[in-house]
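Below are the structure tokens for one structure; questions will follow.
When the chains are written out, they are named A, B, C, D, E, F, G and H in that same order, and each has its own residue count from 1.
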Amino acid sequence: MSASIDSAANEMVDKKSEILFERPHALTDAITNYCPGCSHGIVQRLVAEVIDELGIEGETVGVCPVGCSVMAYDFYSCDMVQAAHGRAPAVATGLKRVLPDSVVFAYQGDGDLASIGMAETIHAATRGEKISVIFINNAIYGMTGGQMAPTSLPGQVTQTSPYGRDTETAGYPIRVCELLSTLDGVALAQRVTVDSPKNVRLAKKAIRKAFEYQIQGLGYSIIEVVSTCPTNWGFSPSDAFEWMRDNMLPYYPLGIYKDIKAAKGEQ
Amino acid sequence: MAYVSVDKMFCKGCGLCVEVCPKGIMALDMDTINAKGYHPAVCTDQDACIACMSCALMCPDVAITIER
Amino acid sequence: MAEHAKMPLNIMLAGFGGQGILFAGKLIAYAGMIDGHEISWLPSYGPEMRGGTANCSVCLSDEAIGSPLVTEPDVLIAMNLPSYERFIDSVKPGGVVIVDETMVGACTMRPDIEYHPVPATEIAENSGLKGLANVLLVGKMLAVTGFSSEKTLHAAIEKSVSAKHLDLIDLNRKAIALGAGIPDSDACTA
Amino acid sequence: MVEKVLMKGNEALAEAALRAGCRFFFGYPITPQTELAAYMAKRMPKAGGVYLQAESEVAAINMVYGASAAGARVMTSSSSPGVSLKGEGISYMIGADLPAVIINVQRGGPGLGGIQPSQADYWMATRAAGHGDGHVIVFAPSTVQEMADLVASAFELGDRYRVPVMILADGMLGQMMEPVALPEPIDSRSLPEKEWATNGHGGKRTHNIVNSLYLVAQQLEDTVVERSQRYARIKDEEQLAETYLTEDAEVVLVAYGAAARISRTAVAKARELGIKAGLIRPVTLWPFPVDTIETVIPVAKSFLTVELSMGQMVEDVRLAVNGRSPVSFFGHTGGVIPTPDEVLVAIQKAAMGEQFDLVPYHTRLTGGAR
Amino acid sequence: MVEKVLMKGNEALAEAALRAGCRFFFGYPITPQTELAAYMAKRMPKAGGVYLQAESEVAAINMVYGASAAGARVMTSSSSPGVSLKGEGISYMIGADLPAVIINVQRGGPGLGGIQPSQADYWMATRAAGHGDGHVIVFAPSTVQEMADLVASAFELGDRYRVPVMILADGMLGQMMEPVALPEPIDSRSLPEKEWATNGHGGKRTHNIVNSLYLVAQQLEDTVVERSQRYARIKDEEQLAETYLTEDAEVVLVAYGAAARISRTAVAKARELGIKAGLIRPVTLWPFPVDTIETVIPVAKSFLTVELSMGQMVEDVRLAVNGRSPVSFFGHTGGVIPTPDEVLVAIQKAAMGEQFDLVPYHTRLTGGAR
Amino acid sequence: MSASIDSAANEMVDKKSEILFERPHALTDAITNYCPGCSHGIVQRLVAEVIDELGIEGETVGVCPVGCSVMAYDFYSCDMVQAAHGRAPAVATGLKRVLPDSVVFAYQGDGDLASIGMAETIHAATRGEKISVIFINNAIYGMTGGQMAPTSLPGQVTQTSPYGRDTETAGYPIRVCELLSTLDGVALAQRVTVDSPKNVRLAKKAIRKAFEYQIQGLGYSIIEVVSTCPTNWGFSPSDAFEWMRDNMLPYYPLGIYKDIKAAKGEQ
Amino acid sequence: MAEHAKMPLNIMLAGFGGQGILFAGKLIAYAGMIDGHEISWLPSYGPEMRGGTANCSVCLSDEAIGSPLVTEPDVLIAMNLPSYERFIDSVKPGGVVIVDETMVGACTMRPDIEYHPVPATEIAENSGLKGLANVLLVGKMLAVTGFSSEKTLHAAIEKSVSAKHLDLIDLNRKAIALGAGIPDSDACTA
Amino acid sequence: MAYVSVDKMFCKGCGLCVEVCPKGIMALDMDTINAKGYHPAVCTDQDACIACMSCALMCPDVAITIER
């Protein structure tokens, strides 16, 4: 049988066949604008799968600020709001305060969340705003063509650190989970990655937990996904994951940085 | 055994599924080029598939469906 | 159009990102500049570039150039099918269209233009000039339009290629010469 | 008859918003709008609404953006420097066709400036609340009563045309008390549903999107053009102005807000001196009430614009008059309040057919009456 | 003769700044000004200067404020939404009399809009860079050569008058390459010392203060008035415009930047058709070159403003013409580039004595040539 | 002898008398706009004393953003720059980059530093910007008349939290030293107070260290001074200190949160 | 001016923060409102208030009120010396000036005004009305200008004082009556 | 013994010096009122002063000079 799924082939599949894996309902049929092999695609799918599993598509509003995922409003089937660069936490706050019974998530890049949007991030977190933030840390400004991000590594060459990030003048990368976990309003802060099927599964679990904590009204939850940008890093997708493992993970260790339930001994 | 199908329209030929398949049965079809200019992936041996889902989990473009 | 090209000459180059469309445009622009014309070079830009198509407008003129955006090209160089399809209708009647036949493979439906298909990518690969199909096509354009001279193009190459890559300069020169010499493929005359 | 209460302008704005069904307020402290936020902080929790002190004006306007996207009637307020910071957010609201009410209780600028009353943000309000082609509707109350009344109109028009609406007040109006008959509270449930709102599709419709991004230029132009058609309707239907003694006026003053109050006194004084002066008081600054200007053109021999600025609205008057009469300017800025007598001197000059720009230093040089 | 090099407009701006003695650049990435920042990031360290990617546009403009206070020639660049965010900071610089060069490589708006060329920030640049009474000098280059040349003027005038200077470009000018003869680098040591700079008094003078706060209204007004006297001088002495075939022009086009290039082609085409068209190209947008407009008034029968917006500069043209001729508008917005033929159609209409506002949907309705 | 120091009395003082305490040179003769007994006055003096002791008045540039200390430009004898609300770290960065051999300090309130200016604060800190920040944490917006600050305590009544700060809706106070000490660019983060002569002495030592670290090029230094606002708290100056000790200090424990030299074992 | 005051009546009240200047102004404004006049009340505001002086403009009129800022008061109530000095010259010729003699203690140099010094603070303290010198002065103003009636002022007090403080309402009423009855001190006639 | 002098112009009568003086010799002078309306502090017994500096350290308005 051919691997193609043109309609004829589809019809040949036994009607009673069990579907083990398919496109989640919470994703539209739009082809994304992400480059081949970009982590954005994986993480975006995980969020959609979680929405499906929790059966909350009709009550969910997503916020996509500026970054490579700016057009996520076309990709998700739930209601979507495009937000100004860095302001997703504020926009999500406005939404959530009006719709306290809805589920509001923001999908932010590292430039968005940790550079221009740092004040909004810290304050949504300290307010314990009941939103879930999916944070794509790819150590670069993807959308604008590869400038230094607040999470770019020391020595990392980017368009705006052409001689490698010099910590003397450009400072040090920010570890967002570590930073946020000092704040009282944070219910969950966890760092994951998606470089292998196993890690993808773990990432999804974390995202699900973030949504659940929101639904339980526990506060602000953030899942930082250490990600790749094959295009601007100049690697193939799988080499990009390799570079990420070798260089980013030591600086950004995976793990749970704050879990309000675990802390309370509930888990 | 499972049916692994790749939607050519979505696939961007990134090769991540190829990389992770424990059975080595995913490959890019160099003879096909889709509308976006990519060589889509294809399962070369459905019978060998163990339905481990690795390919689908890694696929950034949700191009893969797995059925039994 | 084989005599020295009339000014103004508005050129559109288009293809996939990575085929060297912008570089080919820059060569033409530099040549125009060295020849003493007014010139402008305008790329398409933005996210659409990523992975997708790239195109570039080059204007040569003997007067101040107004809009640098070429909407009705005198010359179209197309390096893939989507680009060919996007721009073919905008070419001025009597205009010149040069296509990389390896990538485009289409014959034109327009009788009112000069159509020059050449299998540039194939020839480049077979001639040790892999990746220089773009420059080959500039050579072909030189031959077809006479917009400049081979000497000027050599100078343009020197300006466009970093001096660190002397070998590259040489390859580019070869590509110009090779391109200028390729006859039109007869794929479409059959 | 509704009993009148004595209220500060800032408080009247807040109370009127509550009565217009506004249950969401996001702001950041700044003088001289303080009482508005304080009032909201007190009342919102009791009204079942949300008062949230944002971390900054930037955050506040983006919270407003989110709340408006969710379909709520929502308000923010600030003063000049804080309104500058909202520029990007306002532009986003314009681009995403989101209504909301934005209060600017103006103070002297530029920069940190001062905290005394000013009208120096006229251009920012009417021309360039942010980048790009776009407008907000701008109301300019001149009494505390009007502050209460215009809030309701602001929410109304915002929802009807899907544009942000700004109320351009100043420190004087914000701080002063006058008797006010408060409008009846509306029943929020009676408001028409916002079908475009991103409040969860509940499986009942396709997903809504709130967005201002259009990467294809032609699509972006199309949205701007569609919006400009709404603007054209607003210009046709929503101009508001009050006139005072304009019927036979040869010198027509044009002034809004606090400056209009002073001008009105000056006009009365001028009439006592036998000068046929009158006053047009724009209540909407955008759309500018060109139709009202048109009505006085046949009789008017000259125009005099009075502002608490170096002269901004005067350009709109000149555009409307388009050379048919001289249009002069008199003003003070930085929080200095012109006196009616100073304005009277300017009226006398204008009555003599001069055209001038009487910025303050001139007045002082020529021994103006302050 | 200086050898010409082929350069992008964005790069020319950067290189020219370096040659004008600018050694400090603070910016935040945004399309379509990317190449400027990238160029600075490459060159500054080698030139002994500072390239710093700020955490946001707000931070960037405030770093510029600090660097300027310290006496340096300093630059920042952004594109429309980012420039909105700089509004408060620019107003502070105006209020504190601090020079700096601010680049806006405009893109389509409002909101996130698009990334294609636009001129829709004209009002923001010329009227309301921020709150309060204040202006920045605005230059509008229309070739890459001019981008290089005007940077030097911008630093010059900024320092001379102690005002921020904006270069209003657009995505087309920023991205295109043209041959450019770069100006000679200046010797920074030859620049006059800034006695007001807060660079440490070294025990040699009383302390300097950079400030825009004046709590006493009269003091604030005094500073604004003093500044407005500088503005008056700028208006007298620094207007710049280029004319093309205006001597006998009956239809006078007014267009700047990218729109001027297209208009110039259209004027040439109109002349071929026997229409006496001409073009005024403002090079300074503020001060607006009213003196140049005045020179063509005696012959001009009508004016046509062409912009990549819904019509903003057209108001300045109307203010300058003041009713003496009809002033029409033609434009596209959102990144759509008008063709010379479309402009030609508008010229033909204007030549027939009509006054119109040809926003794009009209053109399409009336079968305009695109 | 009379306590008044009008000129006649002054002349009576023995010329050879030793001066044990006097107005520092780095302060001008202006009378401040602070309310009676406000901590601002004490801390401002300490900074001036440190400038005197280090002999750096001629090389120092101070930055005063908006807040009760906005007019500090009139109070210090060194060059001074007034900055927009929240932007002092950015302004100080601009100054310092142009004047790397000067000493640049910013004097910020809690609204300024931790609310509107949070992004600028975090980024100046993570860049290791060589500036010294004096941070007046008085748990209120003093200048604008007593609104809730990011550091207002849970339950604290302010103009904009009239029923007491409700952490459910208004979130939790931010502990700035704890937050910043997660960042690599921070050389010194210390919390002090000025409620007693002893603590005033300690505070001055800390401020001096902050300046010294800057001069040594070690990075960003911040001294948080837990302070009072008698006027807006509605207490007498000494009762205000008492309230501060009882309520603020438990939430904001004094101490050194980061000391790069101590960490390196140099001290 | 003892007959019913002519409208418009522009009043400036000034003193230290804490002396109840704004409240006194509010009483007058409320009274005017109850009497059916147009009224406005405008405080000075901003940091200058803190610890420093406070002042407040009140306008009563039978026509729409233009500028609510009183620059040439018909009536000045001054409760401390700096305020007296700041505003005395601006009082309209023929205007009324009422000062808290306890705090101001100055005699006027202006022969063209009606000057009414009363030791309000002292009398208030001695009459169990500590802190109500401000209201005493409103009472005095009532007596001097007849701008309203005692009945109206009682109603105004009820509107201005929270109903929770019934005792305060009573004290305020007493202060009005007391103030209305105090004769001018003869400190300045001596 | 030391001379503790208070500059009346600067003093705002906040009482912090009074509060901290271990010898109880600082007091507000209720008979004096300065230009800003405050009762300035005064040292009531110079001889008792131990020059501990406490008053000066606490003074927010730098009104106190101590000499020996």
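Going forward, contacts are C-beta pairs under 8 Å (C-beta built on N, C-alpha and C of every residue); 3 or more make two chains touch, one makes a residue touch a chain.
Note that the structure is a prediction, hence the values are computed from the model and not measured.
Student: From subunit B, count the fewest steps through touching chains until subunit E is reached.
Tutor: 2
Student: Which chain has its C-alpha centre farthest away from the C-alpha centre of subunit E?
Tutor: Most remote chain from subunit E, centroid-wise, comes out as H.
Student: Measuring centre to centre with CA averages, how many angstrom lie between subunit A and subunit D?
Tutor: Comparing mean C-alpha positions, subunit D is 41 Å from subunit A.
Student: Quick one: subunit E and subunit H, Cα centre-to-centre, how many Å?
Tutor: 59
Student: Return the distance between the CA-based centres of subunit F and subunit G, expressed in whole Å.
Tutor: 42
Student: Indicate the whole-number Å distance between the mean C-alpha point of subunit A and the mean C-alpha point of subunit B.
Tutor: Chain centres of subunit A and subunit B, defined by C-alpha means, are spaced 24 Å apart.
Student: Hunt down the residues of subunit C that sit against at least two other chains at once, touch-wise.
Tutor: 46-47, 51
Student: At least two partner chains per residue is the criterion; list those residues in subunit D.
Tutor: Those would be 31, 50, 52, 55-56, 58, 81, 88, 92, 96, 111-112, 115-116, 211-213, 215, 337.
Student: Of all the residues in subunit B, which ones touch at least 2 other chains?
Tutor: Expected reply: 36.
Student: Where on subunit G is subunit D touching in the complex?
Tutor: So the residues of subunit G touching subunit D come out as 26, 29-30, 33, 39-43, 45-47, 63-69, 71, 159.
Student: Touching residues of subunit F toward subunit A in the complex: what are they?
Tutor: Subunit F reaches subunit A through residues 115-119, 122-123, 126-129, 150, 167-175, 178-179, 182-185.
Student: Which positions of subunit A touch subunit E when the two form their complex?
Tutor: Of all residues in subunit A, those touching subunit E are 66, 70, 82, 84-86, 111, 115-116, 118, 141, 144-145, 147-148, 150, 159-163, 169-170.
Student: Under the touch definition given earlier, write down the residues of subunit E that touch subunit A in their complex.
Tutor: 28-31, 34, 37-38, 41-42, 45, 50-53, 55-57, 81, 111-112
Student: If you look only at subunit D, which of its residues touch subunit A in the complex?
Tutor: Result: residues 24, 26, 50, 52, 54-56, 58-60, 62-72, 74, 88-89, 92, 96, 198-204, 207-213 of subunit D touch subunit A.
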